[in-house]
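Note that chain A is present in both complexes that follow, paired respectively with chain B and with chain C.
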Partner chain A sequence: MKCRKCNQNAVINMREHKLALCKEHFLTWIPEQTQRSIETYQMFTVEDRILVAVSGGKDSLALWEILNQLGYAADGLYIDLGIESDGGYSSRSRQFAQAFANQRGLALQTVDVRQREGASIQKAAQIARRGSEKTCSVCGLTKRHIMNQTAREGAYDVIVTGHNLDDEAAVLFGNTLNWLSGYLLRQEPVLPATETGFARKAKPLCRLYEREIAAYAFLKEIEYIHDECPYAKGANSIFYKETLNSMETARPGIKLAFYLSFLKAKREGMFASRTNAAREFHICPTCGQPTLNMDECAYCRLWNQVRTVIEEPPRKP
Partner chain B sequence: MKCRKCNQNAVINMREHKLALCKEHFLTWIPEQTQRSIETYQMFTVEDRILVAVSGGKDSLALWEILNQLGYAADGLYIDLGIESDGGYSSRSRQFAQAFANQRGLALQTVDVRQREGASIQKAAQIARRGSEKTCSVCGLTKRHIMNQTAREGAYDVIVTGHNLDDEAAVLFGNTLNWLSGYLLRQEPVLPATETGFARKAKPLCRLYEREIAAYAFLKEIEYIHDECPYAKGANSIFYKETLNSMETARPGIKLAFYLSFLKAKREGMFASRTNAAREFHICPTCGQPTLNMDECAYCRLWNQVRTVIEEPPRKP
Partner chain C sequence: MERPVHTATVFLQGKMFSVRGGMAIRDVLKHLDLEPDAFLAVRGDLLLTDDIILNPGENLRLIPVISGGSHNPASMHSR
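Let's turn to the complex of A and B:
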C-alpha cells in the first residue's frame, strides 16, 4: 500500500476515506482535517481563549497537541474524579495529563472532586442510590458542571472536548434507537454560549475515527492512559460502538455517513425546532449556573445530598 | 417454560415481550395483536373492502388468514413478476398463493407482468440498465403501480401488505442511517388515500416479529414458499436485518422499541412537516395514476422503454 500523496510506503489505510498515507502525510492530514472541522462548524478562531477538557486518554491529549500545533491558545482542565479501582484509574490518568502538559510547557488546571466536594464519584453514586451503571450519569453531570464553571470563571471563550466520530456516532445511534428528540436536537459539533450562562462547547475531532486518532497519538509518541474507565464496562455506549464497528467492517464509511447525513438533514430543517424552544433555564441559587430545575441545579442537589449523608454521624447498632 | 395464561407447556418464548405461550393461546394472541394494530392505527373496519397483496410467503398468507378469521372481507392479489431463477421462483410462489386461496374458498386475482407488459422483471431491469442490485427497485415500482391500479379499478378501500416488524425496522434503520427525511416522513403503519389517486395502504403485521409470524404460519399449517426472492441476496435490507437481529439477540425488544418510539416521536411532532408539503402530484397521461413527474409516471416510462427495446428488430452484424 502506497501513500496517495507521495507514493512512499503508507503507514495507514483508511478504507473509510479510500485513502492510504505515509507517516509524514498522515501527521499533516489529521491537523488539516481538524482545522477543517473547526472552520466548517465555526467552532472558534485564533483570537479565542480555549479550555481543553483532558482526561489523560488519547483523544483529548491528541486534540490538545493538535490545537497547539495549529496555533490556538489552549489551556487544559483535568477533573480528578477519584476513581480508585483499576490501580487508581484517576491518579494514573492525571499523571499522563500532567506529564503531557509539563513536557510541552502547557498550562493545566486540575480540579479534584474529592477535595472540592468531599467524596469520589463512586461514593456519590452509591449515596444517590444510583446503581453501578448510573455512575456514568453522576460523572457526566459533575464533569459538565465543573467544565462550565471553570470556563466561565477563567473567562474562556470555549470549552473543547476530545469526542471523536466513534463517540458521536454511538451517542447518535443510542438517541436514534430511542428517538429522543431533545437529545437529537442538541447533538451538534458546536453549541453556542447562551445568555443563561452556558459556555460555548465544541468537538473538533468529531469527524475523525477513533482508529485514526489512536494512530496519530501513536505516531506522535503521545503517552496516554490506554485503559477504558472501569465504569464504562457493559455501558450502552459500548454496545452501540460495537454494533457500529461491525457495520463499519462490512461497509467502510457507514459511521461517517450516518453522522454527517444527520447533521445535514438537521441543517436542512428536518426536525421541528419547537421541541427545544420549551426549555427555560433558571439560575441555581447555590452555584449561579443555569439549570432547568426551578430551585437548585442537579449538581448542587446531588452533592448536597452526598455531604449530608457523609457528615451524618454513624448510628450505633 | 410454561404458558403465561394457562400454565400448560409453552410452544414459544417471546423474550421481546417477556411472554411465553402455549399453542392455543399463541394462536389467539397473534390475531388479537393484529386487531390491536388495525384499531390503534385506524387501518380499516369490517365495512371496508380489502385487497391483500399476497406473495406466496408466510407473512402475506398469514395476514390473509388472520384477516378472514377476524371477519374482514379480504380478497387477494398475486403479482407474477416472471422470476425464473431458483427453479421458477415466481411460478412456485404463485402456486402457494393459489392453493391457499382454493383451500379456503377465497378470491385471488392474478396479474402476470410478462403477459401485461411483455417482459419479466429481470428483462426490464436489464434493459433499463439497472444493475442486478437495482432489480429490486424495478420490482418495487412495478408492484406498487399494479397494486394501486388494481385497488382503484376494483373499488377496494384499502391495500394491505404483510410487512412485519423486521421489515419495517429494517427500512427505518436504512432510512435513518442516511437520514432520508422524505422516506422517514412517509413510513407509517397506514397511509391514507389521497385525492390525487393513491389508494389507502396499511400494514397490519407491523408490530409482529418475523419469528412470531413464522411460528404462527407453522402452527396453522399454512403452506408457503420458504425461499427468499433470489434478488434479495446481498441487498441492503438483508444487511440491516442482520444488524438488527444481532442487536435483538443482545437486547431483546430493541427492534420493537426502535420502531414504536419512532412512530411516537413522529406523532408528537418531532419532524418538520414542510419536507413533504412540496410533493405535488400530477396525473400520468398514459395510465391516469398519480406521479411526481411532470409527464409520464416512472412505471409507464420504464415499461415503454422496455417495449421499445424488445420490439426493435435485432441489428445485422
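Let's turn to the complex of A and C:
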C-alpha cells in the first residue's frame, strides 16, 4: 500500500478516512488533526498555560509530545495512586512519565496520593467498603480532585487529558446503553471553567482513533507502559471498546460517526439542559473546591473516613 | 537435509503463534480472531499495513492498542 501524498510505502491505512500515509506524512498529519480539534472546539490558544494529565500510557504521553511539537506551553502532572500490584504498576507508570519529561526537558509535577492522604487507592477503596471493582470510582474521584486543585493552585488555564476517540465512543456507548442523561449532557471535547472553581478541561485527541495514537507513539519511539491497570480487568470500558471495534471492522468510520453525530445532536438541542438545572455547586468548607454537597465534598469525606480508620488504635481482643 | 520452513511466527503479549507463511497480515489477524482496529503490526522497527504478506520464516509482532480500562468509565469524562 502506498502513501496517498508521496507514493512511498504506507505505514498506516486509516480506513475510516480512506487514507494511507507513510511515516513522514503520518507524523505530520497527527499534529495537524490535533490542532484542528483544538481550534474547532476552542480548547485553548498558545497564550494559555496548559497542564497535561499524564499517566505513563501512550495517549497522554503522545498528547504531551504533540502539544510540545505544536508550540504550546504544557507542563505535566502525574498522580501516583500507589497501585503496587502487577509488579508495581504505579511505580512503573511514574518512571515512564518521568523519563519522558527528562528526555525532553519538560516540567513534570508528581502528586503521591499515599504521601498526601496517607493511603493508596486500593486501601481507600477497602476502607470505604467500595469493593475491589469500585476502586475505579475512588480513583476517578481522586484524580479529578487533584487535577483541578493542581490547575487552580498553579494558575493553569486548562487541564488537558489524552482521551482519544475510542475512549469517547466507549463512554458514549455505555452512557447511551444506560441512558445516563447527566453524563451524556456533560460529555464534551471541552468543559469551560466555572465561577465556582472548576478549571477548564479539554481533550485534544478526541477525534483520533486509539490505533492512530498508538501508531504515532510507536513511530515517535515514545516509551510507555503497555500494561493495563490491574483494576481494569474485565472493565466495562474495555468491553465497549471491543464491541465498537468489531462494528468498526464491518463498517469503517462508525466510531467517528457515532461520536460526531452525538456532538451535532447536542448542538441542535438534543439532551436539553433540564438535568443541568439541578446541578448547583457549593464550595467545600475543607478544601475550597466546588461540590454538589451542601457540606464537605465527596473527596474530603472519603479521605477523612480513610484517615480516621488508619489512625484508629487497634481494638483490644 | 533441512526441512523447508512453511510457517511464520507471530508474537503477541508474550505468546507465540505459528501461522502459514504467505498470508496477508489482515488474514493473520482474522486467523487469530483479532480485530484489526485493536492491534499494530510490526516487523523489526517497521510499522506495517495489513496488506503486507508475511513470508515463511518471518516474525511479526502485534501490539495491542486498547487501554484506559475502567469500571466507571464515565467518571473521568465529567466534573
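Some points to look at:
Following the convention adopted for this analysis, the second predicted complex is superposed on the first by the 317 of 317 C-alpha atoms of A that agree within 3 Å, B and C clash if a C-alpha of one lies under 4 Å from a C-alpha of the other, contacts with A are read in each partner's own complex, and residues count from 1 in each chain.
Here, contacts are C-beta pairs under 8 Å (C-beta built on N, C-alpha and C of every residue); 3 or more make two chains touch, one makes a residue touch a chain.
Computed from a prediction, not measured in an experiment: that's the story for all the values here.
In the overlay built on the shared chain, the residue A:N175 is in contact with chain C alone; chain B does not reach it.
For chain A, the partner with contacts to more residues, out of chain B and chain C, is C. In the superposition on chain A, A:F262 makes contact with chain B only, while chain C stays out of contact range. Contacts of A:S246 after superposition on the shared chain: both chain B and chain C are touched. In the superposition on chain A, A:M270 makes contact with chain B only, while chain C stays out of contact range. The contact surfaces that chain B and chain C form on chain A in the two complexes overlap at residues 246.
Of all the residues in chain B, the ones that touch chain A in their complex are 176-179, 181, 184, 239, 243, 246-247, 250-251, 254, 257-258, 261-262, 264-265, 268-275. Those residues of chain C that touch chain A in the complex are listed here as 35-40, 42, 46-52, 63-79.
The part of chain A that touches chain C in the complex is made up of residues 1, 10-13, 20, 23, 57-59, 133-137, 139-141, 143-144, 161, 163, 166-168, 170-171, 174-175, 180, 182-183, 186-187, 191, 198, 209-211, 213-215, 218-219, 226, 228-229, 231-233, 235-238, 240-242, 245-246, 248-249, 290.
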